Amino acid sequence: MFYHDSKLQYPVKVETPNPLFAKLLQQAIGGVEGEMRVALQYLFQAWGARGPAKYRSMLLETACEEIGHIEMLATAVALNLEGAPNETVEEAAKDPAVAAVLGGMNPRHILSTTLAAMPMDSQGVPFDASHVYASGNIAADMLANVTAESTGRMLAVKLHNYTDDPGMKDMLKYMIARDTMHQNQWLAVWEEVGGKQAHPIPNSFPQAEENQSVNYTFYGTKRDKGQPTQGAWSQGASPDGKGTFKSEWLDPMGQELGLPPAQAWQGVQQDQVGK
Amino acid sequence: MFYHDSKLQYPVKVETPNPLFAKLLQQAIGGVEGEMRVALQYLFQAWGARGPAKYRSMLLETACEEIGHIEMLATAVALNLEGAPNETVEEAAKDPAVAAVLGGMNPRHILSTTLAAMPMDSQGVPFDASHVYASGNIAADMLANVTAESTGRMLAVKLHNYTDDPGMKDMLKYMIARDTMHQNQWLAVWEEVGGKQAHPIPNSFPQAEENQSVNYTFYGTKRDKGQPTQGAWSQGASPDGKGTFKSEWLDPMGQELGLPPAQAWQGVQQDQVGK
Amino acid sequence: MFYHDSKLQYPVKVETPNPLFAKLLQQAIGGVEGEMRVALQYLFQAWGARGPAKYRSMLLETACEEIGHIEMLATAVALNLEGAPNETVEEAAKDPAVAAVLGGMNPRHILSTTLAAMPMDSQGVPFDASHVYASGNIAADMLANVTAESTGRMLAVKLHNYTDDPGMKDMLKYMIARDTMHQNQWLAVWEEVGGKQAHPIPNSFPQAEENQSVNYTFYGTKRDKGQPTQGAWSQGASPDGKGTFKSEWLDPMGQELGLPPAQAWQGVQQDQVGK
Amino acid sequence: MFYHDSKLQYPVKVETPNPLFAKLLQQAIGGVEGEMRVALQYLFQAWGARGPAKYRSMLLETACEEIGHIEMLATAVALNLEGAPNETVEEAAKDPAVAAVLGGMNPRHILSTTLAAMPMDSQGVPFDASHVYASGNIAADMLANVTAESTGRMLAVKLHNYTDDPGMKDMLKYMIARDTMHQNQWLAVWEEVGGKQAHPIPNSFPQAEENQSVNYTFYGTKRDKGQPTQGAWSQGASPDGKGTFKSEWLDPMGQELGLPPAQAWQGVQQDQVGK
Amino acid sequence: MFYHDSKLQYPVKVETPNPLFAKLLQQAIGGVEGEMRVALQYLFQAWGARGPAKYRSMLLETACEEIGHIEMLATAVALNLEGAPNETVEEAAKDPAVAAVLGGMNPRHILSTTLAAMPMDSQGVPFDASHVYASGNIAADMLANVTAESTGRMLAVKLHNYTDDPGMKDMLKYMIARDTMHQNQWLAVWEEVGGKQAHPIPNSFPQAEENQSVNYTFYGTKRDKGQPTQGAWSQGASPDGKGTFKSEWLDPMGQELGLPPAQAWQGVQQDQVGK
Amino acid sequence: MFYHDSKLQYPVKVETPNPLFAKLLQQAIGGVEGEMRVALQYLFQAWGARGPAKYRSMLLETACEEIGHIEMLATAVALNLEGAPNETVEEAAKDPAVAAVLGGMNPRHILSTTLAAMPMDSQGVPFDASHVYASGNIAADMLANVTAESTGRMLAVKLHNYTDDPGMKDMLKYMIARDTMHQNQWLAVWEEVGGKQAHPIPNSFPQAEENQSVNYTFYGTKRDKGQPTQGAWSQGASPDGKGTFKSEWLDPMGQELGLPPAQAWQGVQQDQVGK
């Protein structure tokens, strides 16, 4: 169950409203690197959690925090939109500076809302919940979470780079810091459940059953059969501690491609039908 | 540039065609855990790679391998569809076993193709390239790749569990093994670029600029202000080696939620317009 | 800001797990009539609210309640999936009853999760946030909310109809009742801001500026120019109290369709280029 | 069945072509507030109508009118695109006014069409028929229609606000007026089938079967257990005339969250498997 | 402008309602091979037509016919759904025949409508208007239309194959015949504007400006540099009558792949930053 | 199976990086007229090919070439992005030329990547594999391919028109030429399998079974029952050589629209329930 407080988690101030920055901020709300994704991801991971209960509890706590981040960003978008132009397109055409704002901002910020945030990314693509990764494998999910917080922090750093507004910079420094925490938090769980030794994921499948001749081989595909690219992945012990890397040229082991002829009821041309 | 061979990478045999298994296999082609996603992900990471060239080269090699995996799976789907029913729905209704196949299979396998694979998941949702993660940050992208290969191996394990067909089991044991390799491969690069010490990602942003009071704090959100969930994330050194975890109750630091009144040109009700 | 409780809002019990019912329940999580939609809709309406503050406050309260409903439904899906078959497709083919379950259930419930709910509808289509309606016009948004709760209650009634499980029926009776409340709640606000007299929405646009000759006319389009369909919409006072209905045959007032010829740089055929 | 006339429903004139306005107009074609949505919504409601036949007949009449509105808007978009720049990006970079147009317009208007309208919104997101609401419940569908026409009129008002072109303003005044009619039309039907007393929708479900203790209670979720927000929804008679509002703090009635442990065949980590 | 008739274009009768056939029919409504696609495609091609007016006029006529086909199919879906089961999932589980229907049908046909058609395909994926091809090049658009009617006729043939119901077979024989007409109709226009000699499309671009050394060369990509696959495309006159086919092995002409190093403000790892 | 070469298929040079041109180029990567679509389309057609093997072989060769085109375009996008602004939005606001670039470019090129290409179109809409047409009917698929290459060449011509950069113009002249080849290549196969005489597609369905009274009739839908639009489609021999065109006014042959009343369990209003 969920409760709320009418105060924001951290102050959100905008000195100089800028509709273009409002558009950029949308990426942090509804983009694949954004807060709707992590909030929903942690919720669905919590609700589907099987195994040690402490992980579910922790996931719920961070999910709540993330919903609060969407709230902060939605407020930041709305405050930046206070500067949206009310000129007609004809008036705007006379002043390149105004035209650049009217053309560059998200048109739905003026057409579909009352100068408010929407659950979409910086390009106007609606958030799509297929990006909520919740496999139920605790190690895989923790890696998904570290990844999400890594691209999330990259995004926050870039937004920080694209504004001089002191309120926005302060808010983003807070968010960058929280992403630091969350990267470490998910890494800590991944380590707790085995870290590198938890691989190959899932470790509940008997590894002896997988094909033993190809499970630690790096394959090269250079057309001239040149040496496969060498590196940490082509020799030495594998990170999971269970194998030794080698490298080989990738040659076909399978049969010639091909399927049986078609039948007329499948709607093909007569020439394709088997006799 | 790209070349091909008309032979398959590994043998694909189906002893007992099963249209329902064809539907399940589609998840490994066009699902978010599937091969189209990783093939395109490695290609776009390679094409956008900045920094050490060896990573681009290696990404291209594994991308080529993955396109070959889509080819194997597409062949496996088509071979399983050889058993698709040609009964009418009225005839099928008389035999529950046939009805279960006709109702349970992917209808587009008979309506939209000539018993062939499609670029969609097991539910018929078309593959959507928004799942191609290629941030350009080498450490973040490696984590995205380990994650993809982890859910990919989970999927292959489950498919292996849902079939008794010796050809399919053999093909899947090969794929499970390749996922083992790929998990290790991306982990090896992540370690090479710093591993846990590469965090917080991106490490090119001066960490001193982030908010120092919240960057290693786990926040609790239990409504009764009970102790935040304790674990590896609430005390001790953080995995990145740059901080010490602590935990706190999450209290609002920000202002009361609220926005200025609207203006009439925004299409609101008269009551909402500021005076 | 947001907080949570580790207990469910209302008991969720499943006596006889049924994977097919789990699929149907997904419509109430990620379908357009479902709880993710209303939870996010009320949140974004709250965050973008301009005008009287009490509406924002109320929206946040009901949004929190709705997140708790997703939680209940996610739990119900997982409990129903406890009955998911672990037979291979070959074994299932021997028993029509098992085949019907394996073919009829959502394949991603076994392939993409650990028997858990996903943010998608009953057909496996991921939730898409374009369905979050938050125009910022309080009257329009209240109508959107009544509509959502009306189709939501229809859905809950149908789910109630498709199960005999006492736990599920009890949970759904609770949800049906909450939808009764919410329909009334949004209607009460709509009435408070004017009800029928709040129309035409938006009422901040001077109605005198709209085309006065067609604003209360019902148009008929029967090809034989027969009488437009008569009813409450073709005569008498209009519900907004500002006009009188009449009905007319719809005849063209505009010019002949047609555009200027194309230019070569637009990539057309030579024949289409204007001389 | 359907017929056409080669003349437009109402004159569409553009004095000063403006590609940026063409982009904004797309919201009224393919946006969720637009004409494709209502045209298809009324058609599918008509085709699925069960109950009194006059509603089906009326829905078809207004659907035909709406297809004609798409036609008007498509013509308006094409006429506005007559002003699209044919400068190269390098030339445009020299003149900020041209650059603002080239950067601000919809690039697909020049790349994917011959200066013509597309079935997408102002952000280039293709129209998606999941927004066609046709539940088959006459009261719910009428509310969906009033809502659609309310946001539709808001959009037309805003477009009217963003142009000085006399032809465009005249066309929009016509459309604003039609939206006035349509809001009233659907409200009239809603009233005819019971209005507020038609609630809770669906009224064919015996209300006595819903949970009687929570069906007229407003729940508060303020973390400090403060009084739930008071208003028309927290006391007095409910709009449906069947209950009396009260308000309460929302406390959990359900069990602790939690699911049984996983099994190995589900692809989890060994630690998550039940013993 | 558009008008309607309350009678269907052709009789739609269903003797034995079958919810599974209703699901299959949905492909012909909202699938990429379906009627919504062609109806909208012809409308948008007409509305954007530049050049000879007769093509616009003809497109509108066939568009109207196609809207009538959606109407027929929507009626066919609803009539087939009259047989939808009203058993609970628990009851259905006792009878494999009923379970196969309840599991095999589209769940939204019972959950989201009142036994009626929806604008989606056979897998429940909503129709998406990105499939409306209207480039404005008359020759290209005619080919797009022949293609659409070809896959449309394939689909109708397959639906015809999957039913014994005399009413459905009769309706589908009508639709198959109309697709025959429409394939010929669009081919006739393509021939009228040049047929094979209209290529390469667009013919308004001076062909002398394209790279002359590769414009009639078939490239082989077999890894062993074997002979490119020979056929009508590797020798002899090209269909456009403007070149002679030859075939060659595809060798790289371009530079080594590679991009400049990144900069810190782009959120990369320190190692990727150029010095 | 697939192999690669680390050199590009054709040189990709950019003299004057232009982020706006980078946005336009994205249409050729992830747009419906773009290279991802044809690459995947030819691959899936090859993998599902039934009938003469040479077509599969040829499809694989051209698919490989197209993956190389994506690579070229991805490189071109990245090189154009070298000119992306690093000014803050506040600084940009001071210089309309910079503001036009920052507002006009794809924001995800700076926020979601390290100045690199993404698998999306020029509007930021991710590539969606539902556009991969692979019906398995060789004639229909060849037409789909000619169509794709026709709109592909239109797009390349327009991109060529919008740039003065010599490197970009040279690359596009190469691509325009390849599209010439590919249009001819697919036309050659279509002719080989019958050309116009291959219609109506599919020709394996006995044409005698389709409704013979409407299969070569052009229908008119002008509301005044005026003469159907005349042209090559209304008289004379049909292109398939199997019929003679005629034209007729379209009159309804079917029954009055209408469905049986609803039942209460379907969640309708009481008034809609049949007695």
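By letter and in written order, the chains are A, B, C, D, E and F; residue numbering begins at 1 in each of them.
Please note the rule applied: contacts are C-beta pairs under 8 Å (C-beta built on N, C-alpha and C of every residue); 3 or more make two chains touch, one makes a residue touch a chain.
Bear in mind that the values here come from a model prediction, so they are computed numbers and not experimental data.
In terms of the stated touch criterion, the partners common to chain A and chain B are C, D, E, F, listed by label. The chains touching chain C as well as chain D are A, B, E, F.
Here the chain-to-chain distance from chain B to chain E, counted in touching steps, is 1.
Summarising the inter-chain layout, the chain whose CA centre lies farthest from the centre of chain D is B.
Interface note: chain B and chain F, two copies of one sequence, contact each other through mostly matching residue numbers (shared numbers exceed half of all numbers used). Chains compared, chain A against chain D: the Cα-based superposition rotates one onto the other by 120 degrees, nearest 5.
Comparing the CA-atom centres of all chains against that of chain A, the greatest distance is found for E.
Chain E has its Cα centroid 31 Å from the Cα centroid of chain A.
Distance between chain centres (mean CA atoms), chain B to chain C: 28 Å. Each of residues 1-9, 32-33, 47-48, 50, 57, 60-61, 64-65, 68, 71, 75, 78, 86, 96-97, 99-100, 103-104, 110, 112, 114-116, 120, 123-126, 128, 130, 135-137, 139, 151, 153-155, 157-158, 161, 201-202, 205, 221-223, 250, 252, 257, 259-260, 262, 265-268, 272 in chain C touches at least two other chains.
Taken together, the touching pairs cover every possible pairing of the chains. Taken in their complex, chain D has these residues touching chain C: 1, 3, 5-12, 32-33, 54, 57-58, 60-62, 64-65, 68, 71-72, 75, 78-79, 82, 86, 110, 114-116, 125, 128, 130-131, 133, 135, 137, 139-140, 143-144, 146-147, 150-151, 153-154, 157, 173-174, 176-181, 183-185, 187-189, 191-192, 196, 199-202, 205, 207, 209-223, 228-233, 238-240, 243, 245, 250, 252-257, 259-260, 262-263, 265-268, 272. Only residues 1-9, 30, 36, 40, 43-44, 47-48, 50, 57, 60-61, 63-65, 67-68, 70-71, 74-75, 78, 112-120, 126-130, 132, 134-137 of chain B touch chain F when the two sit together in their complex.
On the chain D side of its complex with chain B, the touching residues are 153-155, 157-158, 161, 223, 265-267. Chain A makes touch with chain D in their complex at residues 1-6, 46-53, 56, 86, 88-93, 96-97, 99-100, 102-104, 106-108, 110-112, 120, 123-126, 135-139, 193-194, 198, 201-205. Interface residues of chain A facing chain F in the complex, by the touch rule stated above, are 16, 18, 20-21, 23-24, 27, 31-33, 96-97, 99-101, 103-105, 121-125, 151, 155, 158-159, 161-165, 221-224, 250, 252, 257-262, 264, 266-273.
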